[in-house]
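Two complexes come next, and they have one chain in common, chain A, joined by chain B in the first and chain C in the second.
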Partner chain A sequence: MKPILVFVVIAALALLPWALDTRYVFHIATMIAIMIPLALSMNLMLKLGQLSIAHPAFMGIGAYGTALLTMRLGCPPVLALLSGALFATVIAGIFGPVFLRIKGVYFVLLTYAFGEIINLIFQEWTGLFGGNSGLYGVPKFSIFGLRLTAVQDYYVLALIFVVASYAAMRAIERSDIGAMFESLNEDEMLSRSIGANALSWRIAAFSFSAFVAGISGGIYAFYIGFLSPDPFGFRLSVDLVVMNAIGGVSSVLGPLLGAILVVPLPEILRGAHEYQLLIYGVCLIVFLLFMRQGLVSLIQPRRKPA
Partner chain B sequence: MIEQMIVNGVLAGLIYVIMAFGFTLIFGIMRIVNFAHGEFYMIGAMVVLLLFGRLGVPFFLAVAAGGFVSAALGGVIERVLFRPLVGEEMPGMIMSLAIGIILQSLALIALGPAEQTVARPFSGTWTLVDAVLPWDRTVVALSALVILGLFYLFLKFSRLGLAMQAVAQDRETSSLMGVESGMIYTAAFGIACLLAGLAGGLMAPVYTIGPYMGEQPMLKAFVVVILGGLGSLPGAVLGGLLIGLSESVLSTQLDSTLALIASFAIVLLVVLTRPTGLMGRNVR
Partner chain C sequence: MGHLLEVRGLTRRFGGLTAVSDVSFAVEPGEIFGIIGPNGAGKTTLFNVIAGHYRPSAGKVAFEGHDISGHSSDEIARRGIARTFQAVHVFTEHTAKENLRRAEVIGRRHNPIAYFAHRKRAATADPREIAGFVGLTEAFDLYAGSLAYGLQKLLGIGMAMMVAPKLLLMDEPAAGLNPSEKKAAAVLIRRLRDERGITVLLVEHDMPLVMGVCDRILVINQGKPIALDTPSVIKADATVIEAYLGEDYEFA
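Take a look at the complex of A and B:
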C-alpha cells in the first residue's frame, strides 16, 4: 500500500463522524484523537529504546493541573492547558535525569513505580484532587471568547492537537535528532564516541513527550469535565503499549494506526468488558510472535534489515 | 512498640523476598522482566480458594497444589511464548505484559470481579518479647523461611540449581560445558512461578482474593528488586527486609500510602547513588 493512500483513508476516517453525525460516534472519535498524541509520546521514548510506563501519570498531571488551575485559581483555559502540560514537563525534567541514567529494565521499573506513586497521590490527597470519588465541575474550554460545549468542538480541538503533535513527532523522526535517537538506541557507545550527548537528548525527549501527554490530559479534562485517578493508571500504559505494538514502533504512523484500532475496542465490547483485556493480550502475543514490526510494516517496507 | 514494628516488618518482608526471588531469578537467567509475576501469585491464591476454601482440602496441601499449578503453567508459558523471544529485552517485557493481562482477564471471566475470602486456618495470637503475633501470619512467615531455605539449598547443592547459576553467569560458556540452556529456562521460569504461587497460596487467608490481587505484590517485588539489584538473591533478601521494615515503621508512624511513597523515595536515592542496586552486578 502506498503511504499517500493510507493518509487519504485516515483523513476520511477523521471526517467520518460528521457524515454519521451522532454524539456517540463523535465521542469515540474524540477519545481516539486524545489518545493518539499519548501513543505518539510513548513511541518517541520507544524509539530511544525505553519503555516508559510514566506517561499516563504525565497525562494525569496535565489533566489535574489544568483542571485545578481553572477551577481554583480561575486561570484562562488556554493558559491553564499550557501550564498543566508545562508542569508535567517540569516533573519529567526533574525525574528524567534520575530515571534516564539507566537504560532498559531499570527504567521500566522506575517509571512503573513512579506512575503508581503519582496515581496514589491522586487517590489519597483528597483535599486537592478529590480522591477516588473524583474532581467534579471542570469548566468548559474557551478561547477568544469562543466557548466549547458540544462534543464536535472538542473533537476539532483534539484533532488540531493530533495534527500538531503528529507533525512535531514526524519532524523529529526525519531530522538529525531522529537519526541520533536511532543511533543511540542501536549503539550507544558508538554514538557517544562521535559526540552525541546521550543523557541530555534522552531528558529532552522525555520532557517533550511529557508535555505532549500533559496537553492531551488537559484536553481530556476539559472534554470530560470530571477527573478520577483511575483512567491514568497502569491500564492506560498497557493500552498505549498495545497501540504501539499493533501499529508498529518504527514509524510515527504506527501508534496513529494503533490508536485508531484500539481505542474503539472498549466501546465495541461494551457489556463484555472482561473480554477486552483478553483480546488485548492475545493481539499482543500474535503481533509479537508473527508481526514484530506492526501494521506499518505492511505499508512501508523497512528501510534496512535489522 | 519497636518490637512490634520490627516483627510486622519481617513478617511482611519475607513474602516480598519470596516474590522478589522468583522475579530476580527469571531476570538473572532469561533477561526478562516478568510483569506477569503477580498473576502467578494470584493463581496460587485461587487454587487455595478452590481447594481449601471450597473443597476442604488441608491447607498446606492446597498451598502446595497452588504452587504446583502455577509452576506447571509457568513452565508451559515459558516454552511456548517466551522461548521465541530469548535475549530480546523489550519484546520479552511486552510479552509478559500480555500474559499478565490475559491471566487477569481469565480470572475475571472465571470468578467475577468480587473479592473473596478464605477462612483462616489458624487463629489466635502469641507474644514474643513485647510484640503480639497473630498465628496465621506466624505460620506464613515460618513457611516462607522453610521455602527460602529449601530454595537456597536447591541453588547451592543440586545439579539443576548449579546449572541455573552457571547460565545466569554466562549462557554461552555454560552451554559449551554441556548445560542445555533451553531446559534451564523452562525450569527457572517454572521455579520462579512455583515461588510466586506458594506465596500467593500462603497469603490467601490473610488478604482478600480477586483478579487484581497480584498487582500490589508485583509492585513490591519490583521495588525490592530495584533496591537489592536485579539478578541478585542476597540483594532480594536485603531489599525485601528493608522494604518490609521501612513500610512497617512508616505505616505505624504515618499511614500506608505515605509509607509506599517513602519506600519509593528510598529506592530513588539508592538508584541515584548505586545505579545497579545495593548488591547488583553490572549487567549490560
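Take a look at the complex of A and C:
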C-alpha cells in the first residue's frame, strides 16, 4: 500500500465524525486524537530501546497542572496548557538522569513505580487534587476570545496537536537524531566509543516526550472538565503498549494506527466489557507471533539487508 | 612532557582478583605501541580501563596531560581516543557508506546541545575518502551485515577514523582474519600512522603482526608488566620467552 494512500485514508477517517455528526462519534474521535500524541511519546522512548510506563503520569501532571493553574490562579488557558506540560517536562528532567541510567526490565519497573506514586499523590493529596472524588469545574479552553464549548471544538484542538506532534516526531525520526537513537538502541557500546553521550539523548527524549504527554493531558482536562486519578493509571500504560505493538514501533505511523484501532475498542466492546482484556491479550499474541513489526509493516515493508 | 598517553601505577581488581597490577607506560605521539601477554594476562582489562569501560582501582591514565582515569567511554572518545573492537561492531542493517556517515555525525553532534550547535560545522571526514583509505570502495553501497568478516572489521576501523582521533585503541585487530587479511591489516595500521598521523595502541595475540608493526611492545603476565622494549629486544628477552613457555607462540 502506498504511504500517500494511507494518509488519504487517515484524513478521511479524521473527517468522518462530521459526516456522521453525532456527539458520541465526536467524543470517541476526540479521545483518539488525545491518545495519539501519548502513543507517539511512548514510541519515542521505544526507539531508544526503553519502555516507559511513566507517560500516563506525565499526562496526569499536565492535566492536573493545567486545570489547577486555570482554576486556582486564573491563568489564561493557553499559558496554563503550556505551563502544565512544562511542569511534566521539568519532572521528567529531574527524574530522567536517575531512571535512564537503568535499562531493560528494571527501567520498566522504575517507571511503573514512578507512575503509581504520582497516581497515589493525585489520590491522597485531596486538598490540592481532589482525591478519588475528583477535581470539578475545569474552565473551558479559550484562545483569542474564542471559547471552546462544543465537542467539535475540542476535536479540532486535539487534531491540531495530533498534526503538530506527529510532524515533530516524524522530523525527529527522519533527521540524524533518529539515526542517533537507532544507533544507541542497536549498539550503545559502538555509539559511545565514537563519542555519543547516550544519557543526554535519553534525558532529552524523556523530557520531550513528557512535554507531549503533558499537552495531551492539558487538552484532556479542558475537554472533560473533570479530573480523577483513574484515567492516568497503569491501565493507560497497557493501552499505550498495545497501541505501539499493534501499530508497530519502527515508524511513527505505527502508534498513530495503533491508537485509531485501540481507543475505540472499549466502546465497540461495550456489551462485552469483561472480555476486553482477553481480546487485548489475543490481539497482542497474534501480532507478536505473526506481525512483529506491527501494522506499519504492511505499508512500509522493513528493508532487509541485501 | 610530550607523552600522548601516560598510564601510571594502573591497578584493576575484580573482587579478590587483581587483573591488572601496577602497570606503568607511556605512548609517544606517532608511535605504534603493542601490548601482548599470554591468555589471561590482563591485556583486555588494561585495554578496557584505558578505553573507559572499567574504572581503575588505583593509578591513573592521562591523555595529552589531562587525567582521564574513570571518565566514561564517550568522554574519552570526545577527547580524541577512538577504538576498534575485537568482535565486529557495525550497524548491520545499513550500508558501509551510512555506517561511516553515522559515525561522523554521532561523533560531531554527540549530545542534544552539540547537535544544534555543530549543525553547520564541517564534517570531520568524508565517508568516500575514508572508505577508499581502508579499502572499502567496492563495498561502499553494500549492507554492512552482508560484508565478509574481514571487511566488517575494516569498516570498524573506518568508523573510528571518521571522528578524526589522535589515538586509536585497537583490540585484537587481527582476530578472525585470514593470513592475507592479517598482512593487509598490518599495512593498514602502519598507514594510519604514516599517512594520517594517528598514534596506535593495540592489544594483540598474533605475534607476526605485533612484531611486524609495533615500535615498542609492553609484555604483561599475570597482570604485571614484565618487559617494555622494541620488538627485536622483546623477542630475545628470557623472561618473556619463559612467560610464553608451553604455549604455541612463535616469535616470528
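Just so it is clear, the second predicted complex is superposed on the first by the 302 of 306 C-alpha atoms of A that agree within 3 Å, B and C clash if a C-alpha of one lies under 4 Å from a C-alpha of the other, contacts with A are read in each partner's own complex, and residues count from 1 in each chain.
By definition in this document, contacts are C-beta pairs under 8 Å (C-beta built on N, C-alpha and C of every residue); 3 or more make two chains touch, one makes a residue touch a chain.
Just so it is clear, the model here is predicted, and its values are computed rather than measured.
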| query | Which partner does A:292 reach: the first (chain B), the second (chain C), both, or neither? | reply | first
| task | For A:187, decide between first (touching chain B), second (touching chain C), both and neither. | result | second
| message | Looking at A:282 after the superposition, I want to know if it touches chain B, chain C, both of them or none. Which is it: first, second, both, neither? | response | first
| field | First, second, both or neither for A:108, with chain B first and chain C second | value | first
| said: Contacts for A:27 in the overlay, against chain B (first) and chain C (second): which applies, first, second, both or neither? | reply: neither
| task | Return the chain, chain B or chain C, that is in touch with more residues of chain A. | result | B
| request: Identify the partner contact of A:204: answer first if only chain B is touched, second if only chain C is, both if each is, neither if none is. | output: second
| request: Considering only the touch criterion stated at the top, classify A:179 as touching first (chain B), second (chain C), both, or neither. | output: second
| said: Just checking: does A:124 make contact with chain B only, chain C only, both, or neither of them? Give me first, second, both or neither. | reply: first
| message | So chain A touches chain B in one structure and chain C in the other; where do those two contact lists coincide? | response | none
| request: Give every residue of chain B touching chain A within the complex, in rising order. | output: 27, 33, 81, 84-85, 89-91, 93-95, 97-102, 104-106, 108-109, 113, 215, 219, 222-223, 225-226, 230, 257, 260-261, 264, 267-268, 271-272, 275
| request: Give every residue of chain A touching chain B within the complex, in rising order. | output: 46, 49, 51, 98, 101-102, 104-106, 108-110, 112-114, 116-117, 120-121, 123-124, 234, 238, 241, 245, 274-278, 280-282, 284-285, 288-289, 292
| Residues of chain C that touch chain A when the two form their complex | 51, 72-74, 77-78, 82-83, 85, 89-93, 102-103, 105-107, 109-113, 115, 142-146, 159-160, 162-163
| field | In the complex with chain C, residue positions of chain A that touch it | value | 176-177, 179-180, 182-183, 186-187, 189-198, 200-201, 204, 303, 305-306
